[in-house]
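Paired with chain B in one complex and with chain C in the other, chain A is shared by the two complexes that follow.
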Partner chain A sequence: MEAFEYAAPNSVKEAVGLLSSNWGEADVLAGGTDLLSLLKEGVHTPKRVVSLKNVSGLKGVSASRIGATATIAELLGSSSVPAAVRQAAEGITSPQMRAMGTVGGELLQRPRCWYFRNGYGLLGKDAKGKSLAPNGENQYHAIIGNKGPAYFVSASSLAPALIALEATVTVTGPDGEDEMPLEKLFQTPSSDSQRENTLQPNQVLTGINLPGGGARSATYEVRQRQLMDWPLASASVALKMSGDTVESARVVLGHVAPTPWRSSDAESALAGKAVSEDTAMAAAKAALSAATPLSRNKHKVQLARVAVKRAILRAAG
Partner chain B sequence: MEGLKETQPPNGFSRRSFIQGVSVGSGAAGALLATPEAEAAGGDVVGPGAVSMTLRINGRNHSLEAEPRVTLLDALRDRLDMTGAKKVCDRATCGACTVMVDGQAVYACTMLAIEAEGREIRTIESLSANDPVPRNFVKHDAQQCGFCTPGFVMACQAFLENNPNPSQADVEAGLSGNICRCGTYVGVRLAALDAAKEVKGGRRRGY
Partner chain C sequence: MATKYDWPSAADRSVIGRSVSRLDGAEKATGRAKYAYDRNPEGLLVGRLVTSPHANARITRIDASGAERLKGVRGVVLIKDIGDEVQWTGAEIAAIAADTEEIARDAVRKFKVEYEVLSHLVKEEDVEKAGNRVVPGQENTEGDPSKALQEADVTHEGYYGAATITHCCMEPHGNTVHWKGEKDITVWASTQAVGRIGADLAKNLAADPSLPKVSPSDIRVITPVMGGGFGSKFNIDSWGVAAAKLSRMTGRPVKIMLDRDEELQMAGARPSYFGNVKVGAKKDGTLTVFDVESWATSGVGRGGNPALPYVIEPPNQRVRHVNVATNTGPARAWRAPRHPQCAVITHCALTDLAHKLDMDPVDFFKKNADLTARPDVYRTEIDKAAELIDWKEKYHKPGEGSGHVRRGVGLSIHTWGGRPHDSQCRVVIEPDGSASAEIGSQDIGTGTRTVIAMVLAETLALPVSRVNVKMGDSSFPPSGASGGSTTVGGVSSSTRRAAVNALEKLKEKVAGDLGASSADEIEAKDGYLRLKENPKKRIAWTAACRKLSTETISEMGNQPDRDGGKLADSGVGGVQMADVSVDMETGIVTMNKMVAVQDCGLIIDLKLAESQVYGSLIMGICSALWEERVYDQMSGVYLNADMEFYKLAGIGDIGELVVHMMTGVYDDRGVIGLGEPPAISPMAAISNAVFNAIGARVPTVPVTPDKVLAALEKKGGMA
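So, the complex of A and B:
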């Protein structure tokens, strides 16, 4: 790990002032569960690390707001957390990681792509600028939204659930606070100068707002290992019901694309229908109709279908 | 080389010379009383060189000098001669470095020492062989090579203090953040279930 300066300011404003307007010069530290690995591997080599541990306003979990530095364990300890979020949080690795890791850090963790983690950059290119994933070890890479140059998958398990529930996020930068739909926090980078999220280098994610609204929600993850691993594919669903009929649905897939992937095809397939095995399967097929798997990840298409179908059935209860 | 100097314990003891039957917390490292050095107060930028910090470990304050990049695990092992927590993967995936911070099990390899300032750190050095968890690990032969054992014991201690009446399934989920390459999971499970009967009520040991 390269040496770095460290500061633990007491306010978000101070934290923003300690960050840089250029990526790579300073990193925000919350739980550290992702950042410390990045630092140890030399993927990140910041000159300064700005800890949020003394910023008290970023903590806490209520029915309408989740603080960015609330831990996953604190999130699970709250009785007001919607089912889809709880089920996604329960799948997050181990008790130690849930005690350390924060909700904001979970949303902003860097992709798990092994080309990125081994120093080939976010877009995973060799010295000649050729993308490594399309003809390489791409079994865990994207099956949707993967026309390039990004082939990694979004690593967050909470984001699909929170997006299904129409969550917004607040971010603070030099120009003050901004609120936006969580969906807008994520982007597919089109060049090396972009990241997988839309934060500016000197903005801090401060919290997540949940609008409520009584949707029935669920998350289903398909996994190789039950614990200590990321899902191979996941789906989060929020259904607004009118009796037995789905009035409107939000269907968001995780770990299949460079961003959390909202499927309007699956949402329209459910609207106006009663939930059954058949309608759930039809929506699942619709969700993956645009899939373009890479050379070694065709299996993920079926796994993602299963995730969507089971999330819908689970939400309908 | 500054880097090499950094790995020397600040008190002049080498780890090998520090073979004592007593808890390390009451040894030489513990005798260095906390000095009210300026901590990284709000907003002040410190480092990248060594910074004075005070860690509260097993009920005692320990002062040390370490760069901000030093992990809690390296501070415990290399600066304070508390070598109970083990360094194996160093990437938050094996559990051998597990200690308790503010009553919860955490991976010491993945927390900066400077981040642990102001928190209650508890290591395996706070337990004696007669405490319920270690005693039941011995009773059920819940170790083979033993290298994962201190981490497993601390994960188990934290789990039982927070979950006093666990089922077998609870134990399996609660200790899922630790890996044993020898495969002693059956013994660990039995040890945890038996220890639970004695730790019941979430009794917190008074160091």
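So, the complex of A and C:
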């Protein structure tokens, strides 16, 4: 890794002051499970790393708030976490990742796209500016929202669950604190100058807020191994029930698009219906109706469908 | 003819055949064992490699000045020069030694190389696209395959194959080298060949006339423990030569150990093999013909010929093989070279043929055991494996079943040589009662140290804890490289002979005291030397050794030894069966159970033998289900040279493993190697189990969800 300056401020305000208004100049360090590999591989070469370890008030897990630097282990240790979030966290099977990885870091981790990780930039282009993924090894890449130039998939497993539960996030920047729906934290970059999230380079994610509301929720991941592995596709759903009927649903897919992918088609397919294998399958089909798989990832459409179906059935219990 | 060196009979063995835990287990588990990676001699410099970012390019300019100017950089050596070609991404170009690893890494980034980029090919599965990269290989015909295919009652055609994988040694490749004086070099090597590294390094250094001439005997190689090689660690390699040159240049020890991504890119791969197969049989299941057009890649170099058909040899066969030269990391031996891939191509095709014959594969393979070199071995082992996996209960016609999770069983058979390599051992008995074996072999993680101790203890009639093993050092008597499952036969034979010879000297020393007229009248038993005819007449081991006074017994044992009897053999059979579940909606395959039945002659340490097989099964499951080297054609880059998308198993992924060693059945053959055979069958057995579960063939391993879903779709869905 390149040499960098290291700062460990005591407050969010100080941390914000140490960050830069340009991407690439400073990085925020929480658990380091992603950042350290990015630094070692030379994918990130910041001049300064700002650690949040001494900043108080960013930890803790309650029914209404998850601190940005609460670890995955703390999240799993809390009894107040909704089912969809717990199940998503259970998919992070590495004890080391659970111990060191933070919830904020999980949401803001960079894509696992192997072109990005091999130094071809977030959009995975070669020296001539040609996108590598569409004609290359795109088996793990996006099947929705992949018209380009972004083909990677959002790496977060917790985000789909939290978005299904209508979570908001608080971020602090030079202009103070701001709260927004978690959904708005993610974006599909349209150029090299953008990232896959909407944070400003000098903003810090401080916490995640859960509105409550008693939805029945679940997450289902399709994964190859029990060992630390990235889901091939995942889905999180939250169902507001009226008796046996779904009053309203939120359906969010993970690892299939450059952002967590909310499917309003699936949500409307469920509204007003009782949950059954058939209605779940209909919603799953609706969720993937807009899929445009790449040359090597047609199977992910099926995997995502299964994830949606099984998440719905799991939520309905 | 019986000799004094022969293994004791089962009734007379007190150590051999028992389960003894590896002697250095605690040292390894507590981190006290010193691997090549752990060597940090005074004044150590750390070396890092400059590697190629291109898959095929000619070097046009090299500028080391930026690296050399960096404070703390002590030396730079070129591995490639201007005009040389680099033929895969990650190929070594230069090595830089610096005071710290960080400085060395900074220097690598400041080392500038310019290239003329050439066209590359990194993919070979679609052989039609390989064009002039196709290099002719083996062509072989026996009998009349065309006629046999016409005359066969039932025929089958199919495409099968196995992707390229790498070795993923727990300890990456590398060495710490200290060139102390003109003719005094020490290499702490991570190697499978303590006895070969010196000669290899000397030969490589001789190519540089500016260096003083060194001979192999000037080079001491030290490898007391080693973290796995699997066939990829026989040579000093470019980075070892570079470390020696950097040490010469600086006068300081230099360590160059590969990073994980370097390990995956440059330190060896197991070649892919693919084949279009035609097979035919008589109605009763007798295989009559095997015809294959196969291809493989070993990187830019030429690969070997396939082992096709594998184990089962029908009278009519034709093999037409080509190699595809690709710009990928070069192949090296990987546990049982060619066998695992060829087991997939053969035994998957034969399982599909059995299905067409409406035969249970167990019956089909037993019937065709007559076409193998060891019919009875395979029949016995198939029956045993079938019993252990409950085949009768679990087998069903391929694809039969209901629900979205389907279960299936599959089998594969394999063979290997495992002859003893050349080995010399010195056994030393001291007046204080200590007894040691000194042997220039290496324990590459298999437990060789423990096996040597057990042979020595058995022969001297001492507990294992009372004997010492000194090994992993080229200053001890030479022994062969640990490859091809040749070590256990070699070292156990040489140790046995040396120990018998040394014991004879001690017997002579005490013969007078025991009233024996010759050593032949004395035997060693339970820590005593005693008269065979009158066991009460005895002398304790330590008392006997005290009689040596100031003398030390030091006796050699050799393998081979024309007069030393036959202690080891070659040629084994093994059978494996897999039990899997397949999620028909996602194509995810889950391991339920694997059974391995294996013979390897006389087993010295049952526990370590079983460990070898467990390890093989785990490696095999990885390559059956997840493991694959992924290159990108456009960029030429090895995309998953990491432990994230180069997928290996975790403990929760391997299911139940059952190992059954054929102890007592083939003991008379002596010791036979075990490293390779059990690593051969897992891929074929698992692929066949998936076929049984879903009723569709996934043609190539790894059996990934995309391929399972594609096979199901081709078959027409789940039903």
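We adopt the following convention: the second predicted complex is superposed on the first by the 316 of 317 C-alpha atoms of A that agree within 3 Å, B and C clash if a C-alpha of one lies under 4 Å from a C-alpha of the other, contacts with A are read in each partner's own complex, and residues count from 1 in each chain.
The criterion applied here is as follows: contacts are C-beta pairs under 8 Å (C-beta built on N, C-alpha and C of every residue); 3 or more make two chains touch, one makes a residue touch a chain.
Keep in mind that what you see is a predicted model, and the values were worked out from it rather than measured.
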Partner chain(s) touched by A:Ala99 [first = chain B, second = chain C, both, neither]: first
A:Leu36 touches, of chain B and chain C: first, second, both or neither? first
First (chain B), second (chain C), both or neither touched by A:Asn54: first
Which superposed partner A:Ser276 touches (first chain B, second chain C, both, neither): neither
First (chain B), second (chain C), both or neither touched by A:Pro9: first
Contacts of A:Met228 with chain B and chain C, given as first, second, both or neither: both
Which superposed partner A:Thr292 touches (first chain B, second chain C, both, neither): neither
Chain B versus chain C as contact partner of A:Ser21, first or second or both or neither: neither
Chain C-contacting residues of chain A that also contact chain B: 1-3, 93, 227-228
Touching residues on chain B, where the partner in the complex is chain A: 40, 42-49, 51, 67-69, 71, 90-93, 95, 98, 101, 104-107, 109-112, 114-115, 155, 158-159, 173-179
List of chain C residues in touch with chain A within their complex: 105-106, 109, 585-588, 625-626, 630, 632-635, 637, 639-640, 642, 644-645, 647-653, 704-706, 709-710
Chain C-touching residues of chain A, taken from the complex the two chains share: 1-3, 42, 93, 112, 114-115, 117-118, 120, 126, 130, 132, 135-137, 139-140, 222-230, 232, 296-299, 302-303, 306
Touch list for chain A against partner chain B, complex: 1-11, 14, 18, 29, 32-33, 36-37, 39-40, 47-49, 51, 53-54, 73, 93-97, 99-100, 227-228
